[in-house]
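For reference, chains read A, B, C, D, E and F in written order, and residue numbers begin at 1 within each chain.
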Amino acid sequence: MKLIKAIVKPHMLDNVKEALNGLGISGMTTYEVKGFGRQKGHHELYRGAEYQIDFVPKVMLETVVPDEIVAQAVGVISEAAKTGKIGDGKIFVLDIIEAVRIRTGETGNDSI
Amino acid sequence: MKLIKAIVKPHMLDNVKEALNGLGISGMTTYEVKGFGRQKGHHELYRGAEYQIDFVPKVMLETVVPDEIVAQAVGVISEAAKTGKIGDGKIFVLDIIEAVRIRTGETGNDSI
Amino acid sequence: MKLIKAIVKPHMLDNVKEALNGLGISGMTTYEVKGFGRQKGHHELYRGAEYQIDFVPKVMLETVVPDEIVAQAVGVISEAAKTGKIGDGKIFVLDIIEAVRIRTGETGNDSI
Amino acid sequence: MRKLLLTLTTFAFAFAAYADEAPTIDTGDTAWLLVSSAFVLLMLPGLALFYGGMVRAKNVLSTFLYSFTALTVVGVVWAVIGFTLAFGETNSPFVGSMQYFMLGGDFMTAISGTIPLSVFAMFQGMFAIITVALISGAIVERMKFSAWIIFMVLWVIIVYSPVAHWVWASSGWLFKMGALDFAGGTVVHFSSGCAALALAIVLGNRKDFQKAPILPHNVTQTLVGAGLLWFGWFGFNAGSALGANALAGVAFANTMIAAAAAGVSWMLIEWMHGKPSALGVASGIVAGLVAITPAAGFLAPWGALVLGLLVGVVCCYAIKIKFKVNIDESLDVFGIHGVGGFLGAVMTGVLAVEGKGLISGNSAQVGIQTIGVLSAGLYSFVVTLVIAFILKATIGIRVSAEQEAEGTDINQHGEKAYN
Amino acid sequence: MRKLLLTLTTFAFAFAAYADEAPTIDTGDTAWLLVSSAFVLLMLPGLALFYGGMVRAKNVLSTFLYSFTALTVVGVVWAVIGFTLAFGETNSPFVGSMQYFMLGGDFMTAISGTIPLSVFAMFQGMFAIITVALISGAIVERMKFSAWIIFMVLWVIIVYSPVAHWVWASSGWLFKMGALDFAGGTVVHFSSGCAALALAIVLGNRKDFQKAPILPHNVTQTLVGAGLLWFGWFGFNAGSALGANALAGVAFANTMIAAAAAGVSWMLIEWMHGKPSALGVASGIVAGLVAITPAAGFLAPWGALVLGLLVGVVCCYAIKIKFKVNIDESLDVFGIHGVGGFLGAVMTGVLAVEGKGLISGNSAQVGIQTIGVLSAGLYSFVVTLVIAFILKATIGIRVSAEQEAEGTDINQHGEKAYN
Amino acid sequence: MRKLLLTLTTFAFAFAAYADEAPTIDTGDTAWLLVSSAFVLLMLPGLALFYGGMVRAKNVLSTFLYSFTALTVVGVVWAVIGFTLAFGETNSPFVGSMQYFMLGGDFMTAISGTIPLSVFAMFQGMFAIITVALISGAIVERMKFSAWIIFMVLWVIIVYSPVAHWVWASSGWLFKMGALDFAGGTVVHFSSGCAALALAIVLGNRKDFQKAPILPHNVTQTLVGAGLLWFGWFGFNAGSALGANALAGVAFANTMIAAAAAGVSWMLIEWMHGKPSALGVASGIVAGLVAITPAAGFLAPWGALVLGLLVGVVCCYAIKIKFKVNIDESLDVFGIHGVGGFLGAVMTGVLAVEGKGLISGNSAQVGIQTIGVLSAGLYSFVVTLVIAFILKATIGIRVSAEQEAEGTDINQHGEKAYN
């Protein structure tokens, strides 16, 4: 199994989720993050003090999938999250040694 | 060392923390996430517009432990987080290549 | 490539970011977490009920870097995040199997 | 009743001329009107909270600013020209004279009824402000701020002030026709509801409307806002008695009862179809306040109860129409202020006691009410359409799709609400 | 004093009958009472914020709704039957007549003292509403919404209206006994405190009570709520003078002083044991306001200072009892309104000046006060127990354990406060 | 005008002595002043929100507490000694007598002008409270809570009460000199602005000032706060007419207009340099309210418009000075209340109508105004410096660097705002 971490634009999350569902991947976990990268942030001005805000709000999506469909999953995420503009985000793949479904105690591919 | 990522129900977190403490594991990091999976979300109705909210609030717990106690740790988390109802969550184990305690510069098992 | 996860004190984040920028690492993702560890939390008292709050607010910084500069990166983070007081945090390094820049489809070192 | 008292004032002036007896200020009436004016001002932060809670966090400051700039911009416009356009003495049925341009002339010493003219002018000014701000519920999350500012200036001059003249000035044509509007069901609510609809049509729907969930970011804000609105509305309605008298007492009681009743009936309808929601109770309260506005001084308490129960049901269904016709009048300005204001105006003709309404023997009133409210609404709708099209054709009326996705707070105002 | 004026009204009516001189409305008094009524209404959003800030985010809308449905549901019940049960003219020592059922009869024109009866009725209605809402502090995070709605209807009819009659109507038995309750220490605070205790007992503790931390989700809400409560309380207390007169001035001053003093003394006690907290200052302020309520028009300023300092200390300790006896009266309704209301009522008998209290030579008053407050409290406690048991046995009074864990906002109302 | 009425009161008393005709209470005036007092109290939660929204979440409760403890601590101090130091009858040009120590003597029955003395005393007390609270904007995120408490007690006794005597008591030296201060431009705003500056200097800058971004954690709080301030300010300014009369009406109108105008002009300046922000509109509104305070009853509406437009521009630039001189007067108390109060006081000398200002022929007034405002400011600045240095040398005035990083809510109050 592999853990896919995808950092995407917040308003593309729904798209990505549906694309993964399309592949039969229905388990995933998301959280809000702040990204730094090539995409510049913006200026904010509060009562005469100007601040360069570097971070850009992004969403991190994590999903653990069987080895067989990693490539496919990465592909559909890529496609579904793409706007073609800077700041579209990254996908990282990590190896998973073990996985457990707490409710049933199942492990491995059965658990995800 | 291994990184254990456990996605659990928010009100089970205290339980899990105590169980890990019982094993002598006192270092961990948690954050709030939104989970998608078999557990259905719920409907929300705002002024005539009905929305199916898929995400379910969960807590992610990450703890890095020495290889020797990984199995044990996974076991106690499983037990402590279980309600037996759908949505109890998952545990994933990943390999850690290196670990550093910033304060002292210690590395490896000494650092965690 | 490696994924560096660094848990640091919130007010040290700017320091760490600049140190990484100094190394030429400009891509990273951060989020707020709650840490448990040796650093004790604090007591809060609400209308006669006293609570021991164990968690301490921390920031998680994740950055994926080429293998060659992992050691250096870990070094500068360590340095930049250190106050010498308990609770300075940890750095964990994990292996990355694949990385993709969504916008361009580039993979590997080119993508980060 | 506001108009009745204005008439009385006119009579009083006339009488004074004959009898050489100057009209005098009553401190109790003046105290109540000073307070009422302040109460209505507080409805603006109230409205900002009410609306602001219902939008997404990335647009909340823009939403607040629609109300706060109504306070500032319309506040200035009213002092400069709005008041005199509405209430400057004249024989014109359509618009006031320039007598009080810049609040000059004898503004500082004149008396209106039993209160200083300055107090009357400020009380009326608060109505102009809230009416404009109400409209903003239809344009949230996508209108250009610059277009909003210009829109407000034009609308208060071209629409609000004249319509207020029609209904409340003693030479106004609707006033002369006998239309009853105690505190602004026609002038404030139906006219803003129609303007909201027109603006929503020209602006177009939000990208996510009927596509992705648009969840209210903070419902407690909306509830607190509803509470402030209710509080302020006592100034709005009972203040429209223009004195601290029995009429004010009745208007106060009716306002209380109608709001409570509509809060209950909206809740029950929701419960019938599912769960009773906080947003529903708040919406019902506001609907009740809207409907009782034109009627507050004309009904007996039982009439307020009936009207409140009715409007809670009607508006609870009315706000669903926008999904059917696919017009994103986002926060239901038409669905609540338009529909509720219309219902209140017409029902005033039905339920008014003391020989004023159908129920007490005046069968003509329902027709008069209907003509009055429709004329004002139609005028408001058409002029708003024209203004909106001109704005669209010149400086542009809507932010870009990218800006909409990013949120209007950052790109229109360079700031974020929550850090 | 409220009762004294009612007596005067009665006298005035009597006199009018003889002298053929109708009672007249004073515009200043009327203005003040209109305002006071609105001020008390604002205490409801204030209470919603005060309580809502102290619960967890998943239950905040339910908590807000307890106050907002008090406004709507009790608002309707009061108009239909509550007012007449409390104040309909009668010789009964226990309950009013049906004279003002549905606010009919001569409601729109009658005068009470120097103000329109409609204003008096609304002012009193706000008291009924806030009293019911106060109780909700004991039931947060676990009561079924349907049970709450039915509870409110029954409680205001069976408990509040009669007790108000006992204390404030000129034929009421406590009134006749000479019990002093300027603005509701007995009727409002002690009676709601006792009802809260009874409900908490029947409901049972929250699952997490004394087990897991139950942290207030937003203390700034609680502080803002305390601010609105303080503001509104001026209407509550100084409005109970039923006129804009010297008595109102004294009641206002005493309200200010007692609240300030209790805020200080609670803060100092906390500081003695650790750190002075924001929640503590807010709690002290409310405790001071509670205690001065029955006393506001009867004390000299130094008396208000003493009472305020005292209640801040007493309540700061009293709220810890619930942990000892393991009764989860969650937001300290009994600890603050019960204890503070009792203390205020009894201390009124001690500190009242002008021959009314112990300190000015009337040694009997303390006893009368104690009997008065205990009777009302006991009645409220017992009837509440009965209502609660009936609810429990029929529709159920508490959400399931799972719903409690999930939060009552989602499962009772189908919505979330923050998105 | 407040002083004029005080004089009238004195005359009235004198007259009463001769003519054996007691001064009487006017219920309308009393109603308005009761309300005005409550309105000003509401400015404190308003200020807490206004300031609290601009700090970081870890310091918001401390920031709220500065205002709430002003209510409690200064509330007590004012009752005990502040009021009598300011307004106890005397011939001293500098400080009042002990006549009303502990609000004793004939406090409960005395009359001031046409209102009960108790009402006058509370109205004035609210001014003392808000003045102290305003200062706190300069010390947020770093002052020790204990030092703040002691500072308040000393400052209200040594600075506020005497200065109020100078300006508003009929024997006060600035009053006798003829300085005009309708509602407190000098006493409240410039004096608190100068105190803020002094405190900021002694405290030193926040660690992050000009180093790391210090973002407002919740701008909606700040906007709601601005709304409550505006609302309350009507009591502040129009209440200073000490009656519900034409003067109150004018003061009300001018307050409305100046606030609106300054909100507009600040917005336009920001727009010129970039984007118009919500924080800017709110700041402009407050600046307008500050500047009109000393002038409210003396200007014609056009004067209020001019003054409002002017102060919006001036303060929008003035708040940038702190970055140049590197003095962290954090929330711009000097930049807005100091600068705005000074401008308002001086411009009152220019724009006052009816022969009081330069524009209506009184060329001496500008000089008198300048002397008046500078004397009060200088006195406030110097005494504050002394108090601050003593606090620093004894109990310490600032939290440790570590505590500052952690946030003052946790370490000063043991609690967190948001959980």
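The definition used in the following text is that a contact is a pair of C-beta atoms (placed from the backbone, for glycine too) under 8 Å apart; a residue touches a chain by one contact, two chains touch by 3 or more.
Nothing here was measured: the structure is a model prediction, and the numbers come from that model.
Shared contact partners of subunit B and subunit D, listed by label: A, E. Looking at C-E alongside B-E, one finds more C-beta pairs in contact between the chains of C-E.
Subunit C and subunit F have centres, each the mean of its CA atoms, that are 46 Å apart.
Averaged C-alpha coordinates give centres for subunit B and subunit F that are 52 Å from one another.
With centres taken as mean Cα positions, subunit C sits 18 Å from subunit B. Remark: subunit D and subunit E have CA centroids separated by 33 Å (rounded to whole angstrom). In subunit D, the residues touching two or more other chains are 26-29, 31-32, 35, 215-216, 244, 274-275, 277, 279, 414-416. Touching of two or more other chains is recorded for residues 31, 44-46, 94-95 of subunit B. If you sketch which chains touch which, the pattern fits none of the simple shapes: not an open path, not a single ring, not a star, and not all-to-all. Checking each pair of chains for touch leaves A-B, A-C, A-D, A-F, B-C, B-D, B-E, C-E, C-F, D-E, D-F, E-F.
For subunit C in complex with subunit E, the residues that touch the partner chain are 44-49, 51, 53. On the side of subunit F, the complex with subunit A involves touching residues 54, 213-216, 270, 274-275, 277, 279-280, 283, 316, 319-320, 323, 332.
Of all residues in subunit E, those touching subunit B in their complex are 212, 405, 410, 414-416. Within the complex formed with subunit E, the residues of subunit B that make contact are 11, 14, 42-46. Those residues of subunit F that touch subunit D in the shared complex are 26-29, 31-32, 35, 39, 56, 215-220, 223-224, 226-228, 230-231, 234-235, 238, 243-246, 248-250, 252-253, 256-257, 259-261, 263-264, 267, 274-279, 281-282, 284-285, 300-302, 305.
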